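In the two assemblies presented below, subunit A is common to both, partnered first by subunit B and then by subunit C.
Here is the complex of A and B:
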């Protein structure tokens, strides 16, 4: 591009500007038609009889590291392997209660330490080997064997003393102490499915790319960076009891496509190259609600969508008044409006109402937005405003670094502005997810933003029990009183009594303001209407009844 | 702007005119070129806007308006608001400061170190030239943005480090150009004459080399400003440059990208701002090249 004449290049410049404004003009047209109010979730029309055949393609932002469920810590691996195998117990998508899956029945001994499962008969792995109690024992032994290097799976079976298989159909688990959350852990998607020992022996190190289970689908291929393809297991007739389809799955194939960018994922959904998009942001859901070609599934997250955690080993944050002031300075409703389009509820305690043991009283005693009191709390701790408008004590400014990962960027900037209003100077450090998790686990941070999902209040012992320092106890709390309460919560099986214990736990955590709980939100899945009957419970998306309109 | 054009060597002007006269001559020719004048005027206005940002901007760029989140351009917020309720126009205006300061400082780093290395290589020659230029060749093999990424990875993500990274990453290309131009001068008669009458090295470098590479320096410095703006924006775009809530154009573009479907203005206006400034700078560079190109001077 060599332009000799000045006039010619000026003309080009003008044309360029014109173009730019033309583009703006076009896009403003489209945006004005989209602003209508959303109606209720569309349900697929003309619910006719299910048809066999076709492929369901699911888009995922992440790609698993391995499909060996014992060795992965990535939720997408558990989502995919959930198609490859079943668990002892399932969760009913409507009632969220436990129901039989691979175990027909189970009993818990009076002391709560012995769990006996009676296994379903006639279940075989996709490589032809039969599923017996011995296989369950071998699978659990593999998780418990330190050489396996199990991560999440090991956490789920923590507390097991021993397992045994007295006969082919009976599997027994002995616990060290009664555990209320244990049965629920057994339903965990993918992680605790029985694995074909023959396949593990055959593939050795490569098992993670050649998984074999006893589920509705069998593994076909994994093209790195692109997709995982699963094909129907025609022998499958042992789904969990709440499924309408008690036989083999309808579609011929399930494909998981890996699309690392949200906007690209939505474009793929629009073009029809994927049928299901998981974890669609609330701001993007709106347009699919009004569109008959799609239907939207939603569920309340079991866990917190956002909370701020503070490191007690930091000398400034060791001051309870400072932590309380931070709690009172943050406007949760504004964050909900801005970051998730209002599709969530503010949280005042460490667990949301969707988790057992939630104490509604936190809404009254939890810290509310109150910048004036926040300021006076800081003043009572000896802080005064300096010339920059920030709080200061003995020449030391009240300044913190907030370590976050990319997706929390907006919330972090809002918190930065809100804390600035009460004189707290926050700088944001944006890190890659893996690095952030490592740093906060080591206590190498001041404040951080995270989210979590879990089905049982026992998650609080991971966050606040002194034995978990170096793990999820990022606040680095060592409180024998709270430790005792958390242990009691885990071993108390009687529901009402257990609720009481967790009410005390929540009060303790809120009073001491270790966290700023921010919100619990809805999780959205968007499905193309040509795929019928996709269901979602609080934990997972269910495809057993799903079929493709040909 | 094709990259190859930047590196195309320009024949040095060997002139006997005094530097003073030369400067006046340059200015005259620049003001004769309408293209250059328009671009300079545009950049001047942009700079003024940046300098007087606190007066011109309607709002504080970091202030959150909770009740006007993601508002399309309207009377109160002329360019709309972003996802957390900040006024986009104010952020763009303050962003001028960040963008211009960073790119100018980055270019200053390139300019001084690049010129220094280029002149030394050409003048000293021998093994010094060989060693330095081989290092430059190795660095040149990497695209400047990759080099900048590596530097930021070592120094850590911040605006200052992004500036250093962008500046340092452009040095090899710059040094090579200056060396090429200086080599031509080195072999010219007047340098040989100065040497033979015993002029000092520094005198020759200052009085004979520098004035003769001024033209090239000016052209390429201008062009590098465009590259620096883009590279800084690119680093900020992927989160390695300006840290929030700094109103930097690249960061704003990146934040707006996720809202392409529901809030077009978020990515569009920073995008236009970057494009227009880079466009103007590049046009100015092109114009300057034509002006200094001895073949086109009439």
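Here is the complex of A and C:
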């Protein structure tokens, strides 16, 4: 009797597990047949007219630190506050060109230093105060005031000498020097919107949890750890000119829910408690593409998803042939397939096609996969293969340490294998992010893997200008010629001329093989089909035309 | 009795003091420069210097600790680096949610645990007892996060009965509380069952049976009371554990309690907030422990005697 009991328990356990899987199995069967029926149309079928009402709920992996746009450095804060206020200029989502928003028109003086904005009339904050040029001046002054402790916003307005408001509708910005990236930064969503000075005065320290702007929505509540709720601003009729809906927004509410775990976020999307999931990983996107209950928006990210940087102060990497050989040994397509499910494009230059100034010629002159050529380059530098199969010169093996952080582990292992094929011995050092950042900034490394996001080619001066050694100039490059080009790129305002400058920069960087650019990836947003007309451009997700199927 | 309570409180304070040293040292165990980590890759050396100074990280270790303790006594747990709000405000915002989840989870655990325990003891060595044993074995051996994910898959995603990451209403509470409850119930059940089996074989139960008392009366009035003493201790300890924030369960269900707060603080490297939550959880744990000890000594006076003899 006693001997039998463990067996019985085991049997009961097995039956229990069997039932559990039966439940899961049955239900996934039904959902997959539903999927098959509708695969031919993955777009919302009824192209009906927009309806007012309802709530759009967006899931976000991050929760903002504060909704005071001057004090935050978190992109989610700019995304949320973008609903609460507008910017002087907008970006047309189709052409990526500047267009009017809160400024009807603007002029740039001949010396490129004075920008004059003609403001739109009849715009009011949601607390009732009118939007005048003086408010813009006060807002910009608040950012420039060191006591505010502005972070990203301060970076965006760097270079402003002074601002003035000669009359109610005219706002003037004087720059220290002509700056091409500046007009673009005026479009940054959220950060540079005019703020209600009355509200800032009223709430003081608590303004960050009671923001007031002049946008399509007004702030309702922020439940810490859970959500931010915004309600429609019924007075709003001043969207940027490319929006189809030129009046107030359709939904009654926008809710941002904070779900820090990716899998929980997807479960929330599946269970219908959120309508929109932003930043969905490439590996998770496929199942929503084949499901008619959802639609997937995608855009190329502005920046590089992965690149390898090399320290020029290392004596082995100081050899151009070695850097070129490394460039030619790395198979970008294989890394894209393995690490991001093929959802990206190989990069040959330091900026992707989504950033202004990208020169398509890099695709022809950039270094291609060519292990034979890589080997002969190394041989021409005097390297020969030793008995271990690695390249060697004067008894010194061609061996490097590749310093990475956790998420790049898989790519690093592939690179290790690819470089081994041409006789380069790579060992991987996986570091905690903070340690890695410190080491590469100090030049205490040989090779490293990194990614970046930025909207202007001026990012290249952070990576390659000699003044940035100790900062982002991890390759520790000191090239007066390139320095001059980068400075010219920043101050040249005429677009065609500026493009030429950056074409030269890209050629210089690629020819000298300071980096191995690997890929630019896509970003994905998944939307429940009951929410229509959500749009996405390279910079942001747009909800002005969106509405909820009731 | 007073002496006993005083002893417990004093030793509790000692433990909290230890926790405060540990939570203070946390920052210094982190590899790399914490300030650089907090500010990210675009930080200028001036920004790094400013924040280092602001956090007092440029002062000697002992001075830093002294300042830390002095602030604690004034109720100042520091300021969250991320939100700029007082750490104590951040914690007190989340704590009620954790209490809600813990109390409801514990309620489920007690109801399931005690009733199954009695059932198993009453029908000892029958199929019912076996089923209860299987349940207990499963509850102990299944990782709670796995059970949580399973419940989400079945009840949120497939059946869509309970929404996930929806809010903190009663309906949102059910799945996470059940997960916690099921796992916590197993220990209560085993204790109740074994205690009952032992008690039911006692002479006085046999006497009660011989007198022809009702089964129900024997179980609940005569047996259960004597079994409950150790069970109460376990329940108290489990409450303390649950109040410390069921980190994984809160994360899976996106429950805005102390657990997700602590995890978020770790992810965003908000060191003052990490220190604050660790210390707060320590205080909660110790306080509940002291309360349980006192309660225990009230239920069973022998406990107090034991301590007196030992000291």
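The criterion applied here is as follows: the second predicted complex is superposed on the first by the 382 of 550 C-alpha atoms of A that agree within 3 Å, B and C clash if a C-alpha of one lies under 4 Å from a C-alpha of the other, contacts with A are read in each partner's own complex, and residues count from 1 in each chain.
Here is the rule we use: a residue touches a chain if its C-beta (ideal position, glycine included) is under 8 Å from a C-beta of that chain, and two chains touch if they have at least 3 such contacts.
As the structure is a computational prediction, the values presented were derived from the model and not from experiment.
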| item | value |
| --- | --- |
| Partner chain in contact with A:413 - subunit B first, subunit C second, else both or neither | first |
| First (subunit B), second (subunit C), both or neither touched by A:283 | first |
| Touching partner for A:268 - first (subunit B), second (subunit C), both, neither | second |
| Touching partner for A:389 - first (subunit B), second (subunit C), both, neither | neither |
| First, second, both or neither for A:331, with subunit B first and subunit C second | first |
| Contacts of A:128 with subunit B and subunit C, given as first, second, both or neither | neither |
| Touched partner set for A:438, first subunit B, second subunit C, both or neither | second |
| Contacts of A:53 with subunit B and subunit C, given as first, second, both or neither | neither |
| Subunit A positions touched by subunit B in one structure and by subunit C in the second | 1, 9, 13, 16, 20, 23-24, 27-28, 31, 263 |
| In the complex, subunit C residues that touch subunit A | 30-34, 36-37, 40-42, 44-45, 82-84, 90, 93-94, 97, 125, 130-131, 133-134, 137-138, 149-150, 152-154, 156-160, 162-168, 251-254, 256-257, 260-261, 263-264, 267, 269 |
| Residue ranges of subunit A touching subunit B (in the complex, touch as defined) | 1-4, 6-7, 9-10, 13, 16-17, 20, 23-24, 27-28, 31, 34, 262-263, 266, 281, 283-284, 286-287, 331, 334, 337-339, 406, 409-410, 412-414, 416-418, 420, 427-430 |
| Complex contacts: residues of subunit B adjacent to subunit A | 1-2, 5, 33-36, 38, 62-64, 66, 69-70, 72, 83-85, 157, 239, 243-245, 255, 257-264, 268, 272, 275-276, 279, 283, 286-287, 290, 296 |
| Residues on subunit A engaged by subunit C in the complex (per definition of touch) | 1, 5, 8-9, 12-13, 16, 20, 23-24, 27-28, 31, 59, 63, 65-66, 71, 73, 208, 223-227, 257-261, 263-265, 267-268, 270-274, 431-438, 441, 462, 470-472 |
